[in-house]
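In what follows, subunit A forms one complex with subunit B and a second complex with subunit C.
And then the complex of A and B:
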């Protein structure tokens, strides 16, 4: 997995690319730290270029949600497609994370 | 790790063999090593003499001359390396040959390091110390790995013991009219998958299958937690949705942030000819009746366990007539990469359809698993079970 951050006025948009799995733990930790340092309240993870997420990857997204909420930021998962979208849907994660198309 | 590899003990406890045909050289090296703190030193006059002393002295290191009568240093080194017991032994060549070709030849014969004569005492001792430290570290690492492997193997046996035994499954089949055949393969020694078959107070077969996020030791420990929770649950009149809601509450209190589990819990209702189940984000169960050409993929949306204490679960059901079958699997089976995507449930369903007439459980599952392995690498825990209504 790799990512690019775009810091806008209203929201920070992080575009995730590739596969988000068990092995990306360190990278996602670093990303969360970067997101915590930005000003915007809305922290958007753009998942349109994410090809695959496994259960550990979902776990890391949930940790990100919690870390944002601890500092009064809002995590939004945006534009998931393919396998990623199917996983988010079957796990009904919209019940605990903001999900946008 | 009692011996700190950088402590003086490394030299004190080390056993060093000096191989040189020149008596003056041997004694020079002996004095030098003793001055450096080495206490256990053996002397050999040529390659043959050294090889003869190996098993008794069991050196941690050899200082080897190259030009010797009978068996020279090159040949001795080659013979030494042919014995697996000595393949990692540090061999420090000390020779008056100092051409690049000689060095290359010595390394090709299996030497670890090379110093040229005349010997510089400080340099030689420094090299001896480094090689002995490396060897002590390697030894510690090897012991640590062996212990870890032993413990993991033990933990794996314990985890397998949580699963129903073949005797227990036969007993349950006689009581409930449901036969189960399972495949359980963690991706490493331990995994986060777990399944169980029980009988409820109404004599119905209850099947549960869980997949904790991640894999390895952390996920495996959670399967033990879940087993303990299961032992305390009420199975008098099994309700899948209530069961998941209760387990979820318990796991919410136990699991750290970022960990969760997907789970399917269901009961085979013979009178209603249905499989009644609830899902916490599990894979979609597949069901078929005798004569069907392909399996039906049942719904499985639901919040995974351990995320939200107030979560509730939907009770669903699917037809399961006599002779009908149910196939459950962990996500390892559908996350196999295929081109740019993954196999996913429809891909797995078509593999099931291809052998849907195979009534022998073992042949059915083995055939399916072979097809999965042929599709791509499986790098997650993989559990698959086929349940058949025999009564």
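And then the complex of A and C:
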């Protein structure tokens, strides 16, 4: 998995690319650190270029959500498509995390 | 899952009988020629090279899930395991040579001959090559599937393979709780075990059988086993098996949790 961060006034948008699996633990730790350093309250993960996510990837997104919530930031998952959208549905993540089209 | 189901003569969860092994030839990818020739003789499988076709391989066979003869590949080294052509038809079985003796290779080849697709790799290699994705590609080469069904099957196989590698062979516990601390602990444990040959050289075995209306997949590891708890506290980990259960038509844990058997409808 790779990512690019765009820091705007109202929100931070992080574009994730590739596959997000248990092997990406180091990248997720780095990403969470970077997100905590930005000013915006709204932290948007743009998933449109993410091709595959597994249960550990979902778990790491939940850790990100929790860490943001601890400092009064809001994590939003945006524009999931294909397999990723399907997994978010199967895992019923909409009950736990804000999801936008 | 239906653990209380009464025994029946033949259930869709049984391995289909494999009266005529499909594996008709052997190829070596990175294996020294001398050893390859010795194994070819011992296994009574002629040597095959990319570009050849096994003797009786009708590519326009009436039933694409059956009949076509296949090749068993012996892999050595990450480069050959990574190459896309190592995973292309007619190769349908993959055994990583590693530190296996000729006897152990012959035993694995025997299991390969009883399945439609078969892989026997070390933990490190299976993780590196994204084994689940390779197996799903090989399945869809035999039997094309709609995108959604393909994606679901890849997720289920990936979860089964991940469980076998991470929790089975590497004996790394899942992420407990929802904190960066839990993620860091997982990171450190995973990296340490992956760097330890005692764990990273443990094997994963995947076998696939296709029949007219379903696909049966088994994933086995060499860990200490697993018992599914009645109540599960979800932290960042623990969703994999439920995802498999949501996707697969049927699911069984065998050998004390070291082997999972899944069936998917076609």
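Assume the second predicted complex is superposed on the first by the 101 of 101 C-alpha atoms of A that agree within 3 Å, B and C clash if a C-alpha of one lies under 4 Å from a C-alpha of the other, contacts with A are read in each partner's own complex, and residues count from 1 in each chain.
Here is the rule we use: contacts are C-beta pairs under 8 Å (C-beta built on N, C-alpha and C of every residue); 3 or more make two chains touch, one makes a residue touch a chain.
Bear in mind the structure is a predicted one, so any value in this text is a computation, not a measurement.
Trainee: When the two structures are overlaid on chain A, which partner does A:18 contact: first (subunit B), second (subunit C), both, or neither?
Mentor: Neither: A:18 stays clear of subunit B and subunit C.
Trainee: Could you say whether A:4 touches subunit B, subunit C, both of them, or neither, answering first, second, both or neither?
Mentor: neither
Trainee: Looking at A:95, would you say it contacts subunit B, subunit C, both, or neither? Reply first, second, both or neither.
Mentor: first
Trainee: So in the superposed three-chain picture, is A:26 touching just subunit B, just subunit C, both, or none of them (first/second/both/neither)?
Mentor: second
Trainee: Show which residues of subunit A both subunit B and subunit C reach, each in its own complex.
Mentor: Shared contact residues on subunit A: 22, 52, 54-56, 58-60, 62-63, 66, 82-83, 86, 90-91.
Trainee: Mind listing the subunit C positions that touch subunit A in their complex?
Mentor: Against subunit A, the touching part of subunit C is residues 127, 130, 147-148, 151-152, 154-155, 158-159, 162, 166, 174-175, 178-180, 182-184, 186-187, 190, 235-240, 243, 246-247.
Trainee: Within the complex, which stretch of subunit A touches subunit B?
Mentor: Residue positions touching the partner: 22, 51-52, 54-56, 58-60, 62-63, 66, 82-83, 86, 89-93, 95-96.
Trainee: Contact residues on subunit A for subunit C in the complex?
Mentor: For this pair, the touching residues of subunit A are 19, 21-23, 25-26, 28-29, 32, 52, 54-56, 58-60, 62-63, 65-67, 82-83, 86-87, 90-91.
Trainee: Mind pulling up the subunit B residues that touch subunit A in the complex?
Mentor: Residues 211-215, 257-260, 262, 281, 284, 300-304, 307-308, 311, 331, 335, 337, 340-342, 344, 380.
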